[in-house]
Amino acid sequence: MTTEPALIVENLSLALGRANLVDGVGFSVAPGEVLALVGESGCGKSVTAQAIMRLLAPVIRQTGGRVLLAGQDITALPERAMRALRGQAMSMIFQEPQAALDPLATVGTHIAEALRRPLRDVRDQVLQMLAEVGISDPARRIDQYPFELSGGMCQRVMIACALISRPAVLLADEPTTALDVTIQAQILDLLRRLAAERRTAVVLITHDMGVVADIADRVAVMYAGRIAETGPTAQIFARPRHPYTSLLLASIPRLTDAPKSALAVIEGRVPTPAEFGPGCRFASRCPLADDTCRAATPPLRDMGDGRLSACFHAEQLP
Amino acid sequence: MIRLLAGRLLQAAVASFGVLTIVFFVMRLSGDPTLLLVPEGASAEQVAQLRAALGFDRPLVVQYAAYLGDLLRLDLGESLVQRAPVAGIVGERIPYTLALAGGALLVALGIGIPAGILMAVHRGGLLERALAALVLAGQSLPTFWSGILLILFFGVYLGWLPTSGADSPASLIMPAIALGALTMSTFARMARISVLDELSRDYVTAARARGLSVWAAVSRHVLRNAAIPVVTIAALEIGNLLAGAVIVETVFAWPGIGQLAIQSIQARDFLVVQTVVLFVSSVYIAMNLLADLAYAAIDPRIRGRS
Amino acid sequence: MTAPVLEVTDLAVHFPGRTGAPVRAVDGVSFAVAPGETLGLVGESGCGKSTVSNAVVGLVPPTRGSLRVMGTEMAGATRATKHEIRARVQMVFQDPVTSLNPRMSVGAAVGEPLLVRGLASGAALRARVDELLEEVGLRPEHAQRYPHQFSGGQRQRIVIARALALRPDLLVCDEPVSALDVSVRAQILNLLVELQQRRGMASLFVSHDLAVVRHVCDRVAVMYLGRLVELAPRDALFAAPRHPYTRALLAAVPEPDPVAQRAKPRVPLAGEIPSPSNPPPGCTFHTRCPFATERCRQEVPSLRPLGESMVACHHAETLA
Amino acid sequence: ALAGPALAQATKDTLIVDLPGDVATMDPHVQWDTESYSVYRNIFDNLVTRDTAGKIVPQVATAWRYTDPTTIVFDLRTDITFSDGSKLTPADVVFSIKRITNPAFRSPQLSQFDQIIAADVTGPAQVTLRTKSPYPVLLAQLVKLSIVPQAVVEKLGDQAFNQQVLGSGPYVLKSWQRGVASTLEANPGYWRGATPFKTVTFRAVPDIATRIADVRTGRADITRGLSPDDTAPLKNERNLQVLSVATERVTHLFLNPAIGPTRDKRVRQAIAHAIDRDAIIAALMLGFPKRADVMLTEAAFGWVGDVPFWPYDPARAKALVKEAGAEGAEIPFLTSPAYDRRVNEAVQQMLGEVGLKVSFVMVDQPTFLRRRQGTPEEALNMAQGRWSCACQDADGVIFPLFRTGSQWAKFSNAEFDTAVDAARVTLDEKERLTHYRRAFTILRDEVAAVPLFQDAAIYLARRELKWTPTPNEAFFVFDMKWVP
Amino acid sequence: MRGVSPGMALILLLLVAFIVAALAAPWIAPFDPLRQSLLMRLRPPGTTVAAGMYLLGTDDLGRDLLSRVLHGARASIAVAALSVSISLAFGTLLGLLAGWFRGWVAIAIMRSVDTMLSIPAILLAVLTVAVLGPSFLNLILVLGLTRWPRYTRVAYAQTLQVATLPYIRAAEMAGAGSARILWRHILPNIAGPLMVVATSEFGLMILFEAGLSFLGLGIQPPYPSWGSIMSVGRQYVERAWWLTVFPGACLFVLVLCVNLFGDWLRDRVDPRSQGR
């Protein structure tokens, strides 16, 4: 891809008190591209997204790195300028669509708010957007409240909110986790279509490798606040270059496996930020770990084929 | 909605009836007022004679039945002490009581709610602590003391405000502050908690992600959502503001029903006490009904359920 | 074959609805679970899976229909019988966080069924608790700890240990892994499969994840809006889904394999799931079904055998 | 809206009085609590009244004479009109008496007048009353009988009359806001002459601290109910004056000779010796009240100055307690918030020092009255009392308090009974006095009660108000003057 | 979450200090709090006599104020603690029963809650004191028996919520009876919010006792409580400021601490305010 990335995150570090929640995370997304950020619960996916939006909880500090939006460094932008970007140049959608909508405000109010105009001025535009995200009977839905809509519809409304100002970047934090598979398929289709048609750069946060396989162009796998491995989707699935990725893929039951066969297991559990040591954070659970892994942080290394891996033993993997 | 209201009214009737019954019997247990009504030297026969004339020699159940009978005929009876219809005696106090309760509520809401919101939005900051101290101070001084300090300071030393009575709007200021202070902290805490609660919800982050400032998110989304618990508390507190204002009314010579109730309890003027309690519990119930209506006005989810 | 452990016939559970119309959470469901067998129950959110499992363990009273556990009819059974039967059927819940009393030590939680039923106490109880903990892969010293000191996967193990304490004949698992992290899921699934095999215990396994159901179940029942739409042996179901809904469901599950996933036929379902308090007439699926005809809009299809499967679709033959 | 001191200059039209409570009834034949009394007596005239010295003097009646010991004839003034212009006639007087003595009217004051068995108009300006038996206190009681206009009462009915009373007194009721204030206006044609203030407002202000603040800021001109301690910080205020008068009340300690340790006369005597009344008066009461030796004040008929009470002598008290074997005896003390807590506590300490343990049983006033008049067990061993019959006669005090068979009496002494009975049925003042001296001596010797002091009524007023308060706690605005 | 901020530590320290002072009053008070000296009435703080110094001055019967304030802490804290305990126990029990059994039990209990709540607490207290008389025990009973509805409401709402949780259903399946479920499973898990109510009620009860003292119905003389010292001292606000200022300050600080403690507790126990 030759176009300039819409979003670049460089070396982002976040801390809660003395604990490093996120440590040197970096990635970039091109317009029209879908980047999946995967990782287990608590690995720092959401805080990364919040840091990009500069909506971190006050207790969490950004301790390093920068965020470039269309080449512009927004890390030190004043809050007022930042507000002008949010919802305009970059938008965000959330995991629980019902919870992310104000229960006391109508669908139309929400969407108009993203345009910063009263609903009556922009009603037509909103109706059009609702139709675009696949809501049937928009004229009726526009004045309904979130409780009158199903989860899938709420998520469409969130997407409408996020996309009505045609942002260059969309951050989607587990947008389908709370939805049923059939609805999830609809929403993923919608995202895919919108990314392609509008050239929106999408950062899709998920923990579902199936979703990644379905929609992502590239993947960044996170583990305990760090990037374990990044690369094009097909290659990551075909030949993981980090033991965590490969174990993760092996532990998922597939429709092609033998039923009741033993699944691969990642022993132990994710360390909490307080437990982070000096070495590789996966070392305690890694079958390949040795003393080097426990002593030093493996850097993200270029694996050649457009991939980066943070494992000393990347080459040992089959 | 109609069914809900009807149900609430029925429950209200039951609660009122309960209140009346409790108060009727507790009052009667405390002894009848005959001895208070005779001169100190009256003889036993004279006392017995008056007691019989007042009907206190009848069995309690008979008196209770008679009272309920009168009540059904909407007859609240005549005060033993004042020899005047109870409805009038209590009725004359009600405007004062409402004025005081209203003033106190104004103070409580006017200071408490903004303070609560500020405390929530500035959580952990210096402002929160300063406001918390102010708000809690309102709840940590006995009214009978803060009342006299207010009178001495604003009334006697500065001469700004009338020291007692209920004859001008200025008279209302000090009692409303003294009474409102207590409730103010309740509102501030409640507002703080519910705003905090709402602030932690996703829709606030979502609103900010759409480019709203914190205050815009608060004013456009949070406040309405946070209103419901506050409305509930307001409804609960009003009952206390009405007749719980005994001490404030006494200190500031405010002729409300709280004072009337206490004086009537002390004089064993049964019917007056019963009527005051009936009034307060009706208002309490009415307020709760209003709160239910307010929920519906605020919350489309409840409205939609009709 | 031996008598089924669980036999559900025409089970219906209706809840009083807010608007007056009852919520038909479950509406005429029949199935049986044979000893040692694992029956999977899949379907989308709100289709009544949890309600079925709650009815099976006696947590919600059925509105209609019969429930036989180990041959004993539950409807109209005496208190004592119910108390007895309840010991035979135990349950594992979805969320390991809320399944454990945060103020009760793990040992106390696991031992509670034994203690309150007077089956063990004192040292015997402690020994039994240790045994149970070991059986699910925890260490005896964990008994003194409290739930918050464990990770999600470990908590789910504790929940399973508690469910096993009474040596039930049937284990009902209501989405036992959907609240767990991907990497932990495998541990619990392996444990459940191992326990099934080791103990020969029957189970009813509720999930919305078809891959998981395929992994652990012998037969699968598919529910839609309170009704069974298909009931088939695992391989038959996955190889040849008979009901259009089953097909759509299989198509919608994203496979963790970009090549296969992107090659998959898409069976897009339009629209949203209707509300169980106001189900559509005829086949409840007709509002989203790409094959729906006039008949589907009027006539309720009954569950009928088709090959190895049971299916409730008027057009099952033509689709096959 | 501020009634600042500036307004109080020059001619003073309006007098504002802060009372602790509101008028209970305006109808003078119903309630007679101090508040109601303070207000309505300015609206009505009475048959007879008392001058500032306490002597019973004519008001509506010009003269009276006994025709026999149970019959008394009153000559009435003929120049009195009610404020509606109608004449006050003998029929109105008779009507007033019959009204208050009619049992169906249920007047709380009935027992003060129920000795009167007949009242008749016996001339154009004359009425005649007859009593059951010779009744020496009759005149003292009649001081409290207000004359109401028969025609008006009959026209309005009792309930309406209570709302819009009308009398022949110096003031006319202008408005009455229940629980708040009542306002009186001068009666222009008042027969005794011009009234000092055009308007008088009585406000209900329950809290004494607030009432004081009101007078200090000029919001009120006079108030009552101060305790001696309240007066201390006011000494230096140039605009204010403290007025006080010894009332007809004797604050005393009732001792119950019927039960418990106080059954023993030595214990009662020990109590009498143990209490340092002078210390209480000087230290606690700042010298306001006067010491009382008998259960009556100088303001009342029947008072004798030659029956001294037991002196303060703690050593003797201790010895007596020991003698009676009552060391450490528990003495339950019945009290209510109406009685001065500090006096009770001081007594408790003083008795503690001689080996008697006083424990308070606090109840509210109605319960206090019920128990005090109940069985000896209910009345407990001790209680404070501040008796007033408002008749200024020994008969109204020691008869109900100590005469066998009276509700209040737990004391029973045949000799005492004979004395007070005899004093009750003769009109001869000398003879009555002899009987009362005897009675007081018995009370003292038997220690039926410990008289502490003669209560002081303390008023706070603006400096310009000239007024002499009276022992019967009457509040006649007519007797006041504003001298800037 | 274990961390306690320095501010909170100070508050906890003060609370402990109050309790210790109250418990140790008989030993640390310099004088007998009941011992009068009519000649030493209303002496300012620092007055020295042969027996020692009246550090905080004397009251209107010449009693040492410091000793009375210390002993008053006992009464005030005891009244609050005991009445809160009674209403907490009673109210919680009813709330648990209503929330667990629902149906007519809940209707009966919650209607009586409504009934009680619609009578202003102070009127009810005055009425009850009128019947029973204002002894220490009755005072506690009155406060305890008029304030329970607040706990019942909270316990009821919480029980309804907790009763739907899977671990309660698990206990049912284990065969546990209602009593065991209520006692072992529900009560410990609704204790947090109840404690929050209890702390705010604790402060209120201290004030309530003071208010009743003002009406002459509080702790009875000669025994001191802060409220009774203050309601007496109120008469001397200008002449002997120390009579109200010292107990008032104690009361203020204690109630403030208790309330701050309650707010802190609320922020800790309320699962909603714990970051997710």
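We just call them A, B, C, D and E in the order they show up, numbering each chain from 1.
The definition used in the following text is that contacts are C-beta pairs under 8 Å (C-beta built on N, C-alpha and C of every residue); 3 or more make two chains touch, one makes a residue touch a chain.
Note that the structure is predicted; figures quoted are calculated from it, not measured.
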Listing by label each chain that touches chain B and chain E gives D
In how few steps can one go from chain B to chain D if every step must land on a touching chain?
1
Pair joined by the larger number of C-beta contacts - A-B, C-E
A-B
Identity of the chain that, by mean CA position, is farthest from chain A
D
Note: chain D sits from chain C at a C-alpha centroid distance in Å of 87
Rounded to the nearest Å, the gap between Cα centres of chain A and chain E is 51
Where the CA atoms of chain D average out and where those of chain E average out, how many Å apart are those spots?
42
Two or more other chains are touched by the chain D residues 209, 364, 366-367
So which stretches of chain A touch two or more other chains?
none
Find every residue in chain B that makes contact with two or more other chains and list them.
30, 148, 152, 250, 266
Touching pairs - complete list by chain label:
A-B, A-C, B-D, B-E, C-E, D-E
As the complex stands, chain D meets chain E at residues 208-209, 227, 229-230, 232-233, 279-280, 283-284, 337, 341-342, 344-346, 348-349, 360-364, 366-367
Chain A partner contacts - residues on chain B that touch it in the complex:
124, 201-203, 205-213, 220-221, 224-225, 298-301, 304
Flag every residue of chain B that touches chain D in the complex, lowest number first.
30-31, 33, 35-44, 46-47, 49-50, 53-54, 78, 81-85, 88-89, 92-93, 96, 148, 151-152, 155-156, 159, 162-170, 250-253, 255, 259-260, 263, 266-268
In the complex formed with chain A, which residues of chain C make contact?
44-45, 151, 153-154, 181-187, 189-190, 193, 197, 208, 210-212, 214-217, 234, 238, 248-262, 266, 268-269, 271-273
State the interface residues of chain B toward chain E in the complex, per the touch definition above.
11-12, 14-16, 18-19, 22-23, 26-27, 29-30, 129, 132-133, 136-137, 139-145, 148-149, 152, 185, 189, 193, 196-197, 200, 236, 239-240, 242-244, 246-247, 250, 258, 261-262, 265-266, 273, 276-277, 280-281, 284-285
